[in-house]
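Sending over a structure as structure tokens; questions will come in a sec.
Order as written gives the chain letters A, B, C and D; numbering starts at 1 within each chain.
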């Protein structure tokens, strides 16, 4: 079955569900400053709202600047579970890595996994389908010479492994961003391709993330 | 009423309780490498066992090297609550501060408080009396020129404030260590007075901590 | 002989020198962002210009934001020696300590001393009288609970020891700032007393530093 | 002209020079702990001594554990120039990167270049031929997920650029180690292929470095 036909079936089923229950799928985007900005005009969540059928999907942002995985854990009751989401898209990791260098308060890789697992466990217990994302970028150079590349690659792999272990859908933004930059960043610039400042999304970045998210959201949270 | 007479009454009451229920008060020491070493021969918990009536107090170590406050949170179900303690002595903070400089993975002060509160909340919910401790020392110099002194003073104050807010007994080891060193470390040495290596306890240090703990335990978790 | 009478004699001698040679003493202030801001309107160097006899003292700023001791070393030929100063006031240290936490690129204490000695040696070889300063503050709390207090105290002591070893005048700003705050900061605020942001000088701070500098400059680089 | 024939000519010329002056080329290896260990039995310098004609090359180790580029600068008069070397092989960079995370005292990339240039300038002024090396590895994983890979790639590029700008021979150990690991580390292990502990050389590592060095030394320092 092709992705297209699976998407169509998903849309059909979602449509039927929408008709029968008159209630769209509620999706909460749970993350850091990138997601906080995502709800603004032109942000990736704002774009997704226009890209996805409004009667079938209700999209809610729950991003707070500077958040690491354990911040998500600490505030998930109030900011996510209280909203009774059907789907939660977790996108975190940049600050867990970055804060090592800028504050000395990054997250150890093994603790990153433990808290990520604790977040997933609690979301599942609340009957939310969980979609994981890898952290996209701290610097867009494509030769792995951005200071945090080593850690971002490591933590992304930890998230991929977790998604696999628990059979969860994954939006592999780190992989997607690298591939995009390999094509579109021949000068090896550190920002300005998909980001404004090495981390936060510019217009192209918000559009690109919206498209990556859409693909997985349409597929599912099956 | 003097401390002595209060202690005697406490001992009397504890003794009566012990007789009636034939079950000593179970105390779990919950912490990091200092507590992990504390159960060894000559360690502070080992000393406490000899200093306190064995029929009235059962002392259990639950320290793991490198632990920060959120490590305690992550493992408290298995390592503390499963033991159904009557009293839990929480002694943590050195790694939350130290790991900033040595791994880039220390704990932000506001998150330190949030996780500490979460630990206390869960212990109270399990009907354990909770005793807090301040982190003693990373360097014994008395002129506040040890690298981590600023943070240790700040995090200790956060713990004192928490103890006050929640009306919990406090073993203020940071204060006690400084006072001891002001008297006994005229050469402003960075180690060798109460520690072997600026952090971990030597013989005198283990004895000193045992005495500080004993005072509060005898008072106790009232 | 009192400080006052010594100052008067110094002024007299300086005056006579000024008359005979018609050339004011050239003082270069060599430092970081605090000194860079010091030449602006109301800055400490700007204030000193009004506080000291213009025919006897020519005051020049040579501060660059973010500078550590080895930055001073690297640029001293162009920025200081080329100006053939009679006196050089070296004020550095905040970034050597601070950049540990914010970039991971602070200066080891032993290297700090080595480069400081190398700077002093080169200045002396160029016949400049050298005045040292201790780094004032990263946070104005008076209970030694500012994160960098331990290191600032340590590095200040290294500078004091160097001044003593080499018999150089010292403006002990760290000591002066603490004493000022103990009197004027009863609420233990971290900024707003002598600084705008824990580090950089507000109006009162610029005036206070100007006064501390003036005392030693009038004494003299003797 | 092939590398082989150029090498033969170089050897011939070196041989003639050796005969005429009866004085072997003195090579100083200037670096950190890796070079300090390199003079021990089985170390890369010890191996090179057996691999190169003793009457033509005198090999001297000048490595000190923990050294960063500015440590080399501070001690080069005593440890290198005093030995009047014909050739100096500079191999540094691991600690400039690593100490960011472990002590907060790494080296800013722009300062790294400035001090490296200052070292090269002083060596050239003393008529030494200078050979540069890139830092090999902090972790042998080949998917760029070792924590310091981003910085090691960046700082290596800075050294390659410097070698190119100044037309200096380069032993590109970073590139060589990666290529070796891509072939010989299919399990993506972080150590044990060329290193014992992610950084310091095992037997295979010392042999490999000796061979890389030999190639350039024989070409060398033309």
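Criterion: a residue touches a chain if its C-beta (ideal position, glycine included) is under 8 Å from a C-beta of that chain, and two chains touch if they have at least 3 such contacts.
Worth saying up front: this structure is predicted, and the values here are computed from it rather than measured.
Taken together, chain B and chain C share the touching chains A, D.
The chain pair with more C-beta contacts between its two chains, of A-C and C-D, is C-D. Over half of the residue numbers found at the chain A and chain D interface occur in both copies, marking it as a same-residue contact. Remark: chain C and chain D have CA centroids separated by 40 Å (rounded to whole angstrom). The distance from the centre of chain A to the centre of chain C, with each centre set as the mean of the Cα atoms, comes to 49 Å. Taking each chain's centre as the mean of its C-alpha atoms, chain A lies 43 Å from chain D.
Shown for chain B are the residues that touch two or more other chains, namely 100-101, 103-104.
Residue ranges on chain C touching chain D, taken from their complex, read 70-71, 74, 99-101, 103-108, 111, 114-115, 118. Across the complex, chain C is touched by residues 101-104 of chain A.
Taken in their complex, chain D has these residues touching chain A: 100-101, 104, 139, 143-151, 153-154, 157.
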